[in-house]
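First chain A sits with chain B, and in the next complex the same chain sits with chain C.
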Partner chain A sequence: MNASVKLGIVLLLSLEISFTKSISLNCLLVISSLIYLLGKKINLKNFIYTACIPLLPAFGSWSSIYFYGTGDNHHMAWVMFSRIFAYVWLGATLTLTTHIDEILKALEQNVKLPNTFVYGMLAAFNFIPKIGQEIKTIKIAAQMRGVTLHFWSPQIFFKAILTSLRWSNNLAQAMTSHGFSEGAPRTYYQVMPIPTWNMGVALCIILIVQLYLMYPLWP
Partner chain B sequence: MQTTSKPGGWRLRDVILLTLIGIFFGFIFWAWAFVYNAIAATPLKPFANDITIGAWLMAGPMAGFLLRKAGATTLGEVFAAVAEMAIGSQWGASTILSGIIQGIGSELGFAFTGYKAWNRFGLFLSTLTSTIVTFAWDLYANGYGSYHLGMLLTLLIIRFISIGFFCGILVDAITHLINKAGILK
Partner chain C sequence: MTSLALSNLTIEYPTEHQNISVITDTSLTFVEPSFNLLIGPSGSGKSTFLKALAGLYPEYGSNVTGTILLDDQPITTYSIQQRTKKIGMLFQNPSEQFAMTTPLHEIIFTLENLSLTASEIDERAQYALAFVGISHLAHRQLKTLSGGEAQKVALAVVLAMQSDIILLDEPFASVDPLARLDLLTKLKELVKRGHTIIISDHDLAGYQNLAPNLFAIEAHQVKKITPAPALFKPFNTLQANFTLPPANAEIVLNAPSLQITTGQTKLLATENFNLLKNKMTLLTGPNGVGKSTLFGALTKLHPYTGSIFYLDQNIKKIKTPQYARQVALIFQQAEMQFLKMTLKEELELSLKYANYPELWSETKLTEVLAFLNMAEMQDHIIYQLSGGQKKKLQILIMLIIGTPVLLLDEPLAGLDLASVDRIMSLIKQMTRKQNQTVLMISHQLTGIPDYFDYHLVFNHQSITYEEVL
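Moving on to the complex of A and B:
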């Protein structure tokens, strides 16, 4: 399925379940996502990770509403419990099957996201491994002068911004000198059209969810 | 220096800069996220949530102050959210949704000044609007609507202190260092 369509569905449904209070809908979304991911044959480790990771925050939400909530708090506690699983599993249908590069490139072609944004972000993502290293360097350099930097010290952010300014300048220059021109029309090596059936499936999913909310089988 | 000006005044350098800042800030708070996750697994979750929230909102106002234009705060926060997703956030695509809400919340304060007051007053307004917008969102999305009034007020105050510290005092201190260094024209 096209990545833009998938992102659209996931965001819409996540937004919708933020306001609805249907436990069964949340469960159905989790089960559907589970079946979809099983069909995509993602590896077992990721699968178990995604199954376990929502447990702790879901328990936190459930227990805090159970203990501190008022009114219909028992129902709401389970709504929150199931909602957190639904958020994570809906998100996983996208993130476990589609790489971020593919999502951004699809958005460029399908919703005309300006290429400045697409390639700017992609370029920055390549620095992810270097950024962890850079923060260690900043901290150690400060320690050599007898200063310990914490996450509340303005200096560590200042240094991070200095580095970002330098890297972004260099990277933008390098990209321009390699022929990247902002806003210019591009041709695509990998064309990502949205097939009609994708739109059909998206429409069906959204419609079914609305119908289910109107005529729920369970609370 | 990159000179092409497209689109809507957004240059390649700006996009890379904001994304890098988003990743940097994410990494700086990384160690803290474990503490949050530990507390978030208990009934104290809403408190953990509101004490730490300011840290996740910082990329927005920082971006606004660096670029000083409409949309910079929201986009800065959204870029940070996409970066978080790229690194592998446990929340997957939902991260983007909260990024948009938080970005708009922080942006509103600067918008109310007509994007003219890039000073402590604008920053104060921004912390105020982001507190209100994110809290309103959590009333629905995080089930805060179920808590009794006393707890809601306590949470609101804790949230304002957290956002006030990270997005107000800390951003102001960083801006001061940047201005003193004279690196931004």
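Moving on to the complex of A and C:
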């Protein structure tokens, strides 16, 4: 499925559950996401990770509303609890199945996101794995000169900022020298069209959710 | 074909107080197609000049006055797309010229920028990768490529753009002699196909047969000079013999069994790596074989399996801060080693932690700075020094520390022959006085073998002492 459509569905549903109070809808969304991800054969580690991440924030909002809330606080506590799980699992249907490259490039083509933003983000993601190693190298390089840098040392931030300035300048220069210019028209090697069936499925999902909200099986 | 001419070109580097001239009032025409070689001492402005020709200024730093004419039109009138179709550039630092993660993605990104269709992109990408001989690297992660491989990718990108004029800024600084020769042959082939090549280099090995037009930067001006055979001579006699180490030699670092891998690739599986104490050893080997990664393992920067011993003690059992004071590395990237803002502050910091401060008196330091042509630079901001000057300063501040073992990763990249000779004699003199062991990776071999006691070769996943270069 096209990444832009997927992102659209996830955003719309998340927005919708922010304003509704149906525990069963939240649960249904979690279950549907789970089935979808099972179908996509996501590895077990990611699965467990996604299951555990929402625990703490969900428990936090549940307990604060359950114990200190007013009005229909017990119901609301469970709404919040299930809502946070729903957010995370909905998000996972996108991030665990689609590479960031694909999401950004789809957004560039389908929603006309500015190319500077797209390639800036892409480059930033490409740099993430380098950061940890860079910090380690900065520390050992300083130790070789007799200076121990701790994570609170201003110098480590100074060096890290210098490094990122250098990276960003080099990157901009590299992109320019490879013909990239802000806002200029470019072609796409991999065209990412939105097939009609994608829109159909999106529409169905949204409709089903609306219908369910009108005729809920359970509060 | 595209013509390139300069009239009254002046390039200035803006600083806080005044503008520093790098190139003044230069007028030139480059013949098309032709092979052009630009020489000049470290810091004379070769990189700046090439970047100006590539149209990267004023956007990325310096101010340019005068005109650069590309096909008789000022370069400033071209859009970035039009410009890159005519003139392409390879940078000094191979790892810093890519925005994507694999060679193929980088080529696709570039050609999308030039608004080509998917089938044109396929065709050009295949051609460019095959011409440079790196089709097998198309899907490799760029960060796992060696310096030489990365430069080949950069060349492939420029070829895919079909730029008529190709600028190369010391592209071979971290490329081994074989790969270098290979690339030079490719470049010559491109000239035959109608490209104009302008290349800056310190190391003139391999150029004489290519009969380049020679340009030199003298007194801030780029001038055409006649290629005298004497100029190439020091680079043509590359033969050296070393002795093999004696069996009972004293050893400072050894690894009875060591395995290093990067990504999926096994780089090293050696049974007997020994480094001899208080000797200077040269480490050579083809690009991508894993020399820098070996240094990473020896300094605990890169993971490895097996064990490494420093003076019979497993380095995993020595605390990192302590170990870093025993075995220090001069990084390929000079800036990595700097912690302060000015040259003077850097020297003071190193003196504070020097193992032999008595050897580095104020008079000695003044003398050394003058010897390295850096006497007037005490208050300069280090990040504004040229590539060669940064390199010299980096080596100096690490020599002052005087750790028992000093590993040097391509310390001579970007230095002219005179600077190489000076820096090598300084290393030799001071490391002997400070009882240091030196292990140096270098691709630039001209004029340096005499300084070394032994020669290690890293190839086919093993490291051995060898007699010939």
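Operating definition for what follows: the second predicted complex is superposed on the first by the 181 of 219 C-alpha atoms of A that agree within 3 Å, B and C clash if a C-alpha of one lies under 4 Å from a C-alpha of the other, contacts with A are read in each partner's own complex, and residues count from 1 in each chain.
Heads up, the rule we're going with is that a residue touches a chain if its C-beta (ideal position, glycine included) is under 8 Å from a C-beta of that chain, and two chains touch if they have at least 3 such contacts.
Note that the structure is predicted; figures quoted are calculated from it, not measured.
In the superposed pair of complexes, A:S177 makes contact with chain C only, with no contact to chain B.
Look at A:G39: by the touch rule set out above, it reaches neither chain B nor chain C.
Of the two partners chain B and chain C, it is B that touches the larger number of chain A residues.
Using the contact criterion defined above for the overlaid structures, shared-chain residue A:R186 touches chain C, although it does not reach chain B. When the shared chain is aligned, chain C comes close enough to touch A:A141, but chain B does not. In the superposition on chain A, contact of A:N126 is made with chain C only, not with chain B.
By the touch criterion defined above, A:F67 lies against chain B but remains apart from chain C after alignment on the C-alpha atoms of chain A.
In the three-chain superposition model, chain A touches both chain B and chain C at residues 119, 123, 155, 162, 167, 169, 171-173, 175-176, 180-181.
Of all the residues in chain C, the ones that touch chain A in their complex are 54, 56, 59-60, 79-81, 84-85, 88-89, 91, 93, 96-101, 106, 108-118, 121, 143, 157, 161, 299-301, 320-321, 324-325, 328-329, 331, 335-337, 339, 349-350, 352-353, 383, 397-398, 401, 403. Interface of chain A with chain C (complex): residues 119, 122-123, 126, 129-130, 136-138, 140-148, 155, 159, 162, 166-167, 169-181, 184-191.
For chain B in complex with chain A, the residues that touch the partner chain are 1-2, 4, 6-7, 10-17, 19-21, 23-25, 27-29, 31-32, 37, 39-46, 48, 55, 58, 62, 66, 79, 82-83, 85-88, 90-97, 137, 140-143, 145-148, 151, 165, 170, 173-174, 176-178, 181, 183.
Interface residues of chain A, counted against chain B in their complex, comprise 7, 10-11, 14-15, 18-19, 53-54, 56-57, 59-61, 63-73, 76-77, 79-80, 83, 87-88, 90-92, 94-96, 100, 114, 116-117, 119-121, 123-125, 127-128, 131-132, 134-135, 151-152, 154-158, 160-165, 167-169, 171-173, 175-176, 180-183.
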